[in-house]
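Pasting in a structure now, in structure tokens, and then I'll have a few things to ask.
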Amino acid sequence: MFYFKKMMIQQFFFNGIIAGSIYFLIALGFTIIYRTVKFFNFAHGVVYAVGAYFAYTFFILLDINPIISFFSSVALAAFLGIVIDRLIFFPLRKHDAPNLVYLIASFGVFIFLQNLIQLIFGAQILTLRTGAIKEGHHFLGAVITDIQILIIGICLFLFLLTWLLIQKTKIGKAIRAVADDRVGAKVVGINPEKVIMAVFFIGSLLAGAAGILISLETNIEPTMGLNAILKGIIASIIGGIGSIPGALFGGLFLGLAENLGIWKIQAGWKDAIAFGILIIFLLLRPSGIMGIKTKKEQI
Amino acid sequence: MTMLQVQNLAKEFDGIKAADDIIFEVEKNSICGLVGPNGSGKTTVFNLICGYLKPDQGKIFFDGRQITSLSPHKISRLGIGRTFQNIRLFPQISVLDNVMLGFKYDKGENFSSALFQTKRMKQEERQSLLKAEEILKFTGLIEKRNVLAEHLSHGQRKLLELARILALEPALFLLDELFAGLFPETKRTMLNLIRNLKERGKTILFIEHDMNSVMGVAEKVIVLNYGKKIAEGKPEEVRNNEEVLSAYLGKRRV
Amino acid sequence: MEYLIHILIISGIYIILTLSLNLIVGYTGLAALGHIAFAAVGAYTSSLLALNFGISPWIGLLIGAILASILGLIVGFPSLKLKGDYLALATFGLGIIVYSIAKNWVSLTRGPMGLPGIPQFSVFGYEISSVWSYLILVSAFVLITYLAIRNITNSPFGRILKGIREDEIAILAMGKDVNKHKLIVFVVGAFFAGIAGSLYAHYITFIDPSSFTVMESIAVLLMVVFGGMGSLKGSFIGASILVIFPELLRFLGMPSGVAAPLRQMIYGLLLIILMVWRPQGLMGRFKFK
């Protein structure tokens, strides 16, 4: 993402858009899952990494066609999401566990899988990129490559696809019903467990896709999921947890804030800035910019 | 002598007036009922009085002192004890500990007293233990003193709710649907406890949504509907009030 | 043999961390992730004071613990407004911010290069440099921490903490100042965590940000949950097992490239198993609400 030429603010701006698109994609899957099951699924971050590692395995190690690699990896990531839900979150739903328990359990999944990846692939940095880096296009004083345009394009495409799915289809309606009132949905004949599985499928698919897309730009390494999920959570909360347009807003906002922020401040402080923003939002406006207001406790 | 005075109390949620210009008084050492159909705003009024909600308008006076917008724990300390409609016990601790939490410790609750396990703290603990056992005997729960609250039956939980605020030694009791779901026997026990409290000089305002439970014991009844007060007076007067009947039955008596 | 003592010392330090976190999470029910940040403050404070100003580690330890408890106060404020998983997120974030500061404020902390050559404790001019003597030192602090937390929880004050964990609204109705109590537990918990940090720094004589990552915070949380929420004995057992067991892996001759991720995988698996099947841990009686 960084080209060793004179960097003007436009470059930071474009970098912000690109980072923001990825954050948005992570946030999108995360926020849809949250809206339906009402807990923070930390494992989402490791599904992201798994997507990238599957793509590496298929495309680099097994030399399979890139398109097939992409779709297979994304599908496998989606299935992993379902497996995690059925094995771990479903039993918790039966116990009616508090949200915090799901969060901690999802941490456990994250740590387990991230280290499994490290065990299998080692800690070294891997890459999906083959061949020389192509020169980018000059646009409004910044440089943007084909790959970056592709990333932004796919992210937008997935946004529209997901939004249409949730808002305009029957399954989307069922998802919204279960998200709003799980018991009520049961009463009208919707099977919440099937809907939740669908949601984990969709969300994890998006996470896997995000992991692969980012790997076109940067390196693959076992801990890539941590930063990703943290940014995804922050973007979701800024934009409003549970809201799809919110994920878009939050992702872009975070990407821009980080990259414009490091125009003036040292790059290492990126994480601190992001978390500072998170904490401010949690304290002042936990429902985010566009989020659904969470029900207040009944006294 | 007025114990509790509520003036022009109003609270709105999402456009709905949960409490709409409510005015009433509760006399000292009286037993007063706050009734009305589901959703009429009774618990909201309790929450406003006790500081869990801030009123949009209005003032609340307790024993002559304004308590509007004080924080809930301060209002409890001033002498108002309340129970909760959905029963809020401390499930994973014992019945005895539940009651012990009601006591006001001057020194024992202090952090440094705890850290250094001072004589004063231990003394207060011993005294509180004795008082707690008194209260448990009074409410008939003494056998269950070491049982975890989550293992109690419904009726026992209601009794524990009452026992807990007895430890607070309040002057005013706000009881929210204490009789809901009780067997007749437990209901009788509860009623006797309330009458006993009156004999001890306490003031009681209780929410019930079943009018009949109220009749036997209330000296005055205040009726709410849709957040508004629609009647106030002696039980016999109120039960024949047209508006009250239509609120409960949904149709006018011809 | 020395290696065994070394393990015991590390266990001791983690026991202090676990006990102090148990006070916040296990007894009061506050979802505090990011506990290691307090240890970081303690460690860096006493190290920097010793390295730059020649201040005795004993005093450095105390100042470090006090600064850690000030951070604890700051961390406590979100707990007044946020519940459960939201609080977890906020405290997690604060942990990352502290780590970020340690890593990026290079002029103060030397960033990733770390602080080498940290002086050791000394008593009457004799340096506490042998592992045996350090074990005694750490054990003394473990004892102090245990007694303090035991007293705090075994009292009317402690009862209020449990009440806060069980039902905040009801405990307000009992006339207790919930906010004050929450802040106090954060201050106290942070204080002891700060002590643990200093003990670590003056023992290993080298610290860098990598000792204070979020994964470390989660490891301590795991120790609390595994040992048992609200059980002090459980904290001893939980911390010890989770420190000693991974070391056994190394004894089995596994290369560190395998042992390190394997150890984490076991931690992750343990978290899952605990949450799904036994949230009260080994010896705990309380579960998350």
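Letters A, B and C name the chains as they come in the text, with residue numbers starting at 1 for each one.
The definition used in the following text is that a contact is a pair of C-beta atoms (placed from the backbone, for glycine too) under 8 Å apart; a residue touches a chain by one contact, two chains touch by 3 or more.
Since the structure is predicted, the reported quantities are computational estimates derived from the model, not experimental observations.
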TODO: Make each chain a node and each touching pair an edge, then name the shape: line, ring, star, complete, other.
DONE: complete
Task: Closest chain to the centre of mass proxy, which here is the mean CA position - done: C
TODO: Name whichever of B-C and A-B has more C-beta pairs touching across its two chains.
DONE: B-C
TODO: Round to the nearest whole Å and give the separation of the Cα centres of subunit A and subunit C.
DONE: 31
Open item on the list: As a quick test, compute the distance in whole Å between the mean CA positions of subunit A and subunit B.
Closed with: 48
Task: Distance from subunit C to subunit B - Cα centre to Cα centre, in angstrom - done: 42
Task: Touching two or more other chains - residue numbers and ranges from subunit A - done: 299
TODO: Can you tell me which residues of subunit C touch two or more of the remaining chains?
DONE: 169
Task: Per-residue multi-chain contacts in subunit B, two or more chains - done: 52, 84
Task: List of subunit C residues in touch with subunit B within their complex - done: 148, 151-152, 154-160, 162-163, 165-167, 169-178, 184, 285-287
Task: subunit B residues touching subunit C - in the complex, by the definition given at the top - done: 50, 52, 71-74, 76-77, 81-82, 84, 88-93, 97, 100-105, 108-111, 113-117, 121, 124-125, 128, 164-165, 168
Open item on the list: Could you list, by residue number, the parts of subunit B that touch subunit A in their complex?
Closed with: 43, 47, 52-53, 84, 86
Open item on the list: Give the list of subunit A residues in touch with subunit B in this complex.
Closed with: 298-299
- [ ] Quick one: which bits of subunit A touch subunit C in the complex? Just the residue numbers, please.
- [x] 39-40, 88, 91-92, 95, 97-105, 107-116, 118-119, 122-123, 222, 226, 230, 233, 237, 266, 268-269, 271-272, 275-276, 278-279, 282-283, 286, 297, 299
